[in-house]
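Each of the next two complexes has chain A plus one other chain: chain B in the first, chain C in the second.
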Partner chain A sequence: MKNKYKKWFPYFLLTPALLYYVLFWIRPVLRAFFESMTDYDGSFSLMFFSKVINESMFTAALRNSLLFALISVMLQFTVAFMMALLLNKKFKGSNLLLFVALIPMAVPPAAVAILWKTGFSTFGWINNLLITLNLIKEPILWMTAKGYNALLFLILIDTWTVLPSVMIILLAGLQNLNKEYEEAGLIFGASRFQIIKDIIMPILKPTIITAVILRMIAAMQVWMISVMMFGYGRVPFLVERIAYYTDMVPMLKESYKMSLTYSVVVTTIVMISVMIYLRVNKKKEKEVRI
Partner chain B sequence: MKKLLATILILSLVLTMAVGCTSDKVEETKSLKVTSGLWSRPEEQQFIREEILPGFEEEFNVKVELEVIDNIEKVMEAQKASDEWTTDVVMTHSGTMPLYIANEYVQPLDSVKDSLDITFMDAFESATTQDGKTYYLPISADVYLLIANQKALPYLPDGADVTKLTWEEYKDWAINIADAEGAKVSFPLMPIKASQYQVGGIGLSYGSEFPMINSPGMLSAWELLGEMVKNNAILETSFNYDNPVEQMKSEEAWLTFYHMVPVGDIYSSAPAKYVVAAAPAGPNGNGSIAGAWGVGITAGTNNKDVAEEFIKYLARPEVLYEVAAGTGGFIPPVNEVIAQLGEEPKDIIMKKGLDTLENGVVSGVPASEYTDWGAVKSVFDTVFQEMWDNDGELAKDFLDAQQKELEKLEK
Partner chain C sequence: MEFLELKNLTKIYQKDILAIDKIDLKIKDGEFLVLLGPSGCGKTTTMRMIAGLEDVTEGEIFIEGKLVNNLQPRERGVSMIFQSYAIWPHMTVFNNIAYALKIKKMSKEKINETVKKVAKMSNIEEYLNRYPSQLSGGQQQRVAVARAMAVDPKLFLMDEPLSNLDAKLRVSMRTDLKEMHKRSGATTIFVTHDQSEAMSLADRIVIMNTGTIEQIGTPNEIYHDSKTMFVADFIGSPSTNFVDVKIISKDNKLFAKNDAFELPIDDKFNDKLHGYIDKDVVFGFRPENLVLSSDEEKLFDIDVVLVEPQGSHSVIVGRLLSKQIKIVSDEVRDMKNIKTLPIKSNGIYFIFDKETEKRIC
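What follows is the complex of A and B.
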């Protein structure tokens, strides 16, 4: 009898977490799928997917979201990895540098947008700095950027914000790395680049996968910086469309279902992206083993 | 040392408990929840929280929770549907008042109104009352005003008077400045914010109704703006702003026609640097969109007595003036307050606003006649973007199509 209770005890402990997931995660997710696949009367229909795809901003939102995720993740991973490698070398002032590098992580997205919007305004601190340094004579109208320029602008701002979070994950992985592997590489005559490529990166792979997946998901969800810098619809993103239907035109008949359909589209894209990434990684792993 | 510290700690605890137990019956503090769409700017909220609410809280021993949100309709809808009323007092724009009254989110306020020794301006009577019953008391009104940096004055067209400007003169003025100094007009165009109110005001001056896209009056308004766009008179950075404050204060812009509260903010920052005037005029007069914010009591409040006292407190002339002046220069829609306006910068803004409200061609915001006012705003943004992308040109067919989009949104 006692053993029977013992067997169920772990499940009992897990019950609150499971209940939480069922109530606040599974239920809303299922609801979103249901609402996106039904018409106003509740009958099965893909009309809202059709509406989303045919919406004038959808193509731009999809393109911007994918490009943003792709470029920002690559850029952020590369820079964060380099910074993590640097900070992993203990040198005088490395702790201070780590502290300074982590500051952007503490700034919320709304404040980030305000900080950069103030900076990039016509008489903002960036133009003032460039004029003071005699690099420009007339203020540059940064905020009038459009299309890909505006997207690049947002990628740079996002990179400034999230770089520390990627770096800290990679740095944690590096600090757990056994130094003997690197030393062995050096003894056998490997160059610094070879050590990074053939020793450090393969060992860090689980950490890198975690960092990249987290970043991919977050990058697909970007919207607030764009809205605060440029307003709704000027540099559209998929999640920005959700916010648009929820906050800006909430009383339209289709708003609720459109926002949920966009949510389902985003979720599907994120899941497919992550699966492709994991599959490619697995394939590469197999090739290395062969 | 440790023993001494422990003894002091124990004594403090005992003393605290003793004080707690010996105190007389503690008077219970009531609470009042105010949900408002008014005072959306953080500085306005800070002013209300720090300068206005404490007076009421102290006098009536009530703790006021002020919640400022955009979509109050949703909150009211949810509270009514669940019959769980957490909001006691609601502050809404005149454009949505009919909707709140029709949906029974608010209850009649006639007893409160009758007990007050003040008279409200007639302008908002139709929005605040229905079937002879008063549901809202207006506490602030607003219109659009013109503000110019003194540096812009030398470029005024010959014979033009900044205080009696026509839209044609405004356009020529903006182009004169652009020719000499570059674009200096702020026309905030952040999407789904205020483009329709700015262009709508011009349309009213030319005889249009609001909101319209392709009426003859609006065609004149678009043409006028198109001229300004074509001549590079409007700052392109206007697309990044929802108000002209930063552009005007930094002197990136010298000229704008905008809502009187940001105009009041600009003017009060350096009154000697700016000149303020009523909205420019067209053939039909000085056009401006006008709105009012009213305060009402929710239908299901459990704190009706406190809510009534709160409204009476807000309606005191000295409080109304303080609220109007402290939040940037709204028009206090009470005749007794208007009579006492002086020559302070905020008073000047209120007087100019009043002048436009009483003598201009004004239109309210008929938000309740449309399924979604944000979508209406979006239509105007689309038209303006098209005009900008086409160097000030707009095809009549395009305007007709956008008018149809607007009509689709009518209830």
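What follows is the complex of A and C.
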């Protein structure tokens, strides 16, 4: 009797969380898959996938999302890692620097977009600053940026925003690292660069993987800063399309199914990219072991 | 010529914390030197400055006559065994040992040969393909030793390398280290807070306390000829018994007197004690220099508090003038029916100045 009770008790404790997941997570996800793969009358059809793929914005959205994810993750990881290495050294003012570096984390994405939008407007503070510093004569028309320039713009703004969160994960990892690993490297002849490459990065790998995956997922789902800066359709992203269909044109007959189909596409791409990343990492590890 | 010389070496942390206060030290080629002291005495800081892991605030470090203050650790020709071993967890034992050699661009065959050689010396040949996490503490320790030997250093630095091992392994590892030192002949500096480790390993021991050197000497000198109360107290287990006495003179004969006893002092000390007549000094008796006596010959009685059996001998904890006294004896095994014991001195004792805590004689 007592044993039986012991066996079931954990499941009993899990029930509320489980219920929550079934209701608010599994059900909508299954629903999305179902809706994306059926016609209006409920019969099986890949019509909406072909609709999505043939949509004029789709190619641009896919390209932008992938480019954005690739470039921003690499850029953010590199800069954040360098900042973390710097802040991990205790020096005068390092605490203040850490505090300043963390400020962007406290700013919500909508506020970030407003901050930069006012900055980049024709008579905004960035042009003002550049003119005051005598670097330019005429204001630059930032907001008319198109295509890759606009994308690069968004990457830089996103980097400014999320850098602290990436850095803090890496910094936490660095602070847990036994200082003697590094010192052993110094004693046994490694240069600063070799220590980072051969000792710190491999030992920190689990932390790095966590940080990169979190960033990859978030980068694939970027949309808000694009919409806030440029409005819908200027620099399309996959998730921006979802927002477009649910927010801008919710009354269209196809909108509901189009946004769900886009959701399924994004989810699939995110899962595939993460799997590829993990696979590549594992392969590298095997090579190292030999 | 000295192999290593420290001149006026000083370390100040954060502008006002004095960690090392102007120490001078000379180490001969091939010597096994132990830095011994309680935690916070500056022994590890001294070693880290020699290694180049810590900046020197003031003073000079010479290795083979060459000033190394501003050299990087890798330019100093030193090798180190860390307290946590610091063997890199993502590398196999082989790669851990080979890493320094790879950086030196040694040929593959030469690396293989060297790694095999040091692995054999450290008894870890069969673990070369394992990762550190798959090894026991003692085996990890051996990897750290092998890695340090592989670079064939002029100077070995060991920072409490045995403190993470269990008691039995610690004793056997220290024999191994000593043997290794005999074979390689490399100058070695060993930091520890464990006096028995220091005594059994060292050619010379440097006793440190609050950033200064208390005494430098062979293990026997340190024990039998302690220069300060700190050394007499720190070295030896149980440590030296200190008794406050007054020096008095009666008919040209000097006595140490307090409320419990009056001990005639050997005439050979008369000159040194000349200035201390009618003054308070501290007598230091090593536990084995207070012996059980007959009631007729006794110097004083101690109230026995407890007896700690150690097998070959017992430690008797007693009280004299409400101060704790510890003596060793192989006659008393337990404290059945023992309330007090008559004690006498065997004639060997230290006399310390009460103010300076330095030894008078």
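Everything that follows uses one rule, which is that the second predicted complex is superposed on the first by the 290 of 290 C-alpha atoms of A that agree within 3 Å, B and C clash if a C-alpha of one lies under 4 Å from a C-alpha of the other, contacts with A are read in each partner's own complex, and residues count from 1 in each chain.
Keep in mind that, in the parts below, a contact is a pair of C-beta atoms (placed from the backbone, for glycine too) under 8 Å apart; a residue touches a chain by one contact, two chains touch by 3 or more.
None of these values were measured; they are calculated from a predicted model.
With both complexes brought onto chain A, simultaneous placement of chain B and chain C is permitted, the two fitting side by side without a clash. Seen from the CA centre of chain A, chain B and chain C lie at an angle of 140° in the overlaid model, rounded to the nearest 10.
In the superposition on chain A, A:155 makes contact with neither chain B nor chain C. Residue contacts after overlaying the shared chain place A:188 against chain C, while chain B stays out of touching range.
Looking at the shared chain after the overlay, A:170 reaches neither chain B nor chain C.
In the superposed pair of complexes, A:121 makes contact with chain B only, with no contact to chain C. In the superposition on chain A, A:112 contacts neither chain B nor chain C. Within the superposed three-chain model, A:84 lies out of touch with both chain B and chain C [touch as defined at top].
Contacts of A:255 after superposition on the shared chain: chain B is touched, whereas chain C is not.
Between chain B and chain C in the chain A overlay, the least Cα distance found is 40 Å. Residues of chain A that lie in the contact sets of both chain B and chain C are absent, per the superposition on chain A. Partner chain B is touched in their complex by these residues of chain A: 117, 121-123, 141, 143-144, 229-234, 247-253, 255.
By the touch criterion stated above, chain B contacts chain A in their complex at residues 70-71, 73-74, 190-193, 236-237, 239-240, 242, 246-247, 250-252, 371-375, 378, 381.
Listed in rising order, the residues of chain C touching chain A in the complex are 51-53, 72-74, 78-80, 82-90, 92, 99-100, 103-104, 147, 151.
Residues of chain A that touch chain C in their complex: 178, 180-181, 183-184, 186-190, 194, 198-199, 202-203, 205, 288-289.
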